[in-house]
């Protein structure tokens, strides 16, 4: 399966969880979603998201997003996110990072909710009817926030390796295991495939997400780009800065897509 | 204010706050993305001999976590993060911070990235240093348009710590959580009480003589240009080049781009 | 620091979490606790425990235990546990495995409680005044169990490696990371030390528990024995069977201690 | 009953329950420690072509998890474990199981290891097969002394599945959760209705003709002695040696012991 076939598994209107630009965000997969002309996606930033999200929003693929932030990091604001929100074309549900993690952990454990400390007094609470404050059953007079479980329809990320058993290796990025555990389907691009079963290798096993949580994989070299992949290649700050500059205008964004997203160019680049 | 001497001043001022013996002791400080000045201040305190573990969230490689930011938030939840830094699109006189945007919810006038972990960290970490270089009435407002994270909490609400101080490009404010009010602590060189008052949208106290914010000592300057810069160069190459004239920009391993 | 010095860090009466015999249980550390003559320990099985627990109970080190089971696996019942309970010398608080994990996860997140599905209808609930049933705030008429956070005073386990930064490598046994995160102090025996910082190595990092969670380490070769250590050495079923046989009687248990626990012998063996 | 032919019969009987098309489909089966017969049955079903993922909890090496048993319980919590096996010191006619012990709480007469994950798994897994070789009035009781895990739950209580069947050394019972009652399904060769009734402490139904439990077919026997044994030999060396005369006992890498 190639990355375009993988992207075709996500139907219009699907809920799709994406990860931050420092956590194996799937750049090539996002570009494939743009190429396929996805529409009405309901994105989830776990706990925030960046390049992939801004690109998808700019290309008109996104109807709404729940996230704690959209950011291009050192390259600054996410211009298409900001523009879409200003134009009233995007519904944003704001969260705070540990709340996103907690909602996934609740889904991972199969419980309907989990509590979280902090957050009380933030205006976020007033805008989240799905967040509830209860009195701590273990200590009267101690209000505490409850968050509902979130089991995204799809999650997507880029891993270093896949093996013959469908296991993928994400190294230290164990938070992706929680995402995969919580999600209904995980679509994973990988840098390469390896023989055998990585779970049988005690040195590799700790960084593996078992195939039971992985619905499909596609090999894409430099599949995270312009995001980095562990110690294999770095974050391409120049390219993200170029994206941030071009994406400030509609024309510039169109130019970016023509140069870096459209099928032919993307093939060459990937 | 701008320029490298100003940045070194801010680093020294923050380092002094970190090692202030009156606050909760700082054994573990965490620094978020795009925060080279707080990171440098933590490194400086550490290089001066403070026993501080530093967790830099966005080191491209070799970051301290195996569960990403969830591990940071869990550490904070456990009470194991002593110091964190927060900024704000707006900060008000009760130390409420707004990272959402201005205008109606969720930022219809100007939208910013979002609240990140602020709503959690501000209440679970033992000490927070607020840092925002821009010191103007549009940033330091009487009341934030939206509270990403509250400066104080009512009695009975679980909360481990508050803002210790607010460091801007003009001055250092100390925060008194009991009174939910800032007091001017030191003025950066060249700033006046009147100038700061005029540039500040919220009311605050001025108690007695106000000292001038001290820049780095000679020994601190040497540490900053040497081992601190060495420690930061991979994470903050642009900053290190600008401030100390060191390092090359990291371009990433992929060459075919652009 | 040697293993006896490590064991000396656990005062009489301390709460000590131990792990199952398939999860890097610290055999040498348990024997060191017996040598030091620890008394009044309050053990916690996470989620169950085996050889180390039975040995400590037999040696009179233990006042009480909270666990989901004490078992020697294929070698059968834990004889000193059973005998101590029958003699009224041990207070047992019964749990169920995922409840133990959940209590630690609550402590790991710094929340006072977490919910868990299942368990309702078990007699365990009636014997656990610290377990509460509430109506799911997200769905009326849906009773759900809440469990209080548990932050053990001490946790102990055996890891393959420690490095110069105090990080330890447990490989795929990531559940030990949760234990270390939740516990107030983690004491870790290790097979060997390595140079440098394992968290800087992307291949090792996924199996690392960061030094921030580790209070002290001691090098003990074959420190898990008779428990196995990943792919380094196997579970010594013959020895555990021998233990199970000897520990059936007071005399046999004393013989076991004389042969395998007492200082001189243990030094030679470890 | 005892001996290797009996074990092969039990394996075949359980494999037939696993592949029974009437129940919740089994895509992922988990098998706990010290359960070679259920494990062999799962392997047999898989080797016969059923698309089953097998998670053997206590494989000494190369087990499928990176978070130990917590991952198993989380999988079950997510609804991703279709089949699990439970035993019981006592099992009663309503399929309640007791793994604690007998006499007053917590097992003052006879104490057993404890409840393990039973209280959770019985309610969160889609199907449970109860397995206990000893079939006697002391095991199969009218009412268990203590309920480690309940056979049924009141309406409104979250529960995904129940016991599909109880397999003993004498027979197979099917369980009807709506009626909270067992029915005799098949008798192992040589057993009689009367003999089973006498050996069973709880009441149960006998509906129509009761067939004899079928042992493994010739093809199944070949699979069992070949690839099934190959797959199990590292985890259950004693069992494989006893049943198929294969394999050497694993002694561990440490030689100095004893």
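Assorted remarks:
For reference, chains read A, B, C and D in written order, and residue numbers begin at 1 within each chain.
The definition used in the following text is that a contact is a pair of C-beta atoms (placed from the backbone, for glycine too) under 8 Å apart; a residue touches a chain by one contact, two chains touch by 3 or more.
These numbers come from a predicted model, not from an experiment.
Taking each chain's centre as the mean of its C-alpha atoms, chain B lies 40 Å from chain C. Chain B has its Cα centroid 27 Å from the Cα centroid of chain A. Look at where the CA atoms of chain B average out and do the same for chain D: the two points lie 58 Å apart. Multi-chain contact residues of chain A, defined as those touching 2 or more other chains: 109-111, 116-117, 142, 144, 172, 174, 199, 202, 205-206, 208, 230-231.
The residues of chain B that reach two or more other chains are 61, 63, 65-67, 76-77, 124, listed in rising order. Taken pairwise by the contact criterion, the protein chains fit none of the simple patterns, being neither a path, a ring, a star nor fully connected.
By the definition of touch given earlier, these chain pairs are in contact: A-B, A-C, A-D, B-C, C-D.
In the complex of the two chains, the chain C residues touching chain A come out as 102, 105, 109-117, 132, 134, 136-139, 142, 144, 146, 148, 170-172, 174, 199, 202-203, 205-208, 230-231.
Residues 20, 22-23, 47-48, 67-71, 73-74, 77-78, 81-82, 85-86, 92, 94-99, 101, 116-124, 127, 141-144, 172-176, 178, 222, 225-226, 228, 230-239, 242, 260, 268-269 of chain C are the ones touching chain D in the complex. Listing the residues of chain C that touch chain B in their complex gives 107-111, 177, 181-182, 197, 199-200, 202, 205-206, 208, 210, 212. Every residue of chain D that touches chain A in the complex is listed here, in rising order: 28, 53, 61-67, 74-80, 124.
Only residues 33-34, 58, 60-61, 63, 65-71, 73, 77, 99-100, 105-108, 111-124, 146-150, 153-154, 156-159, 238, 249-254, 256-258 of chain D touch chain C when the two sit together in their complex.
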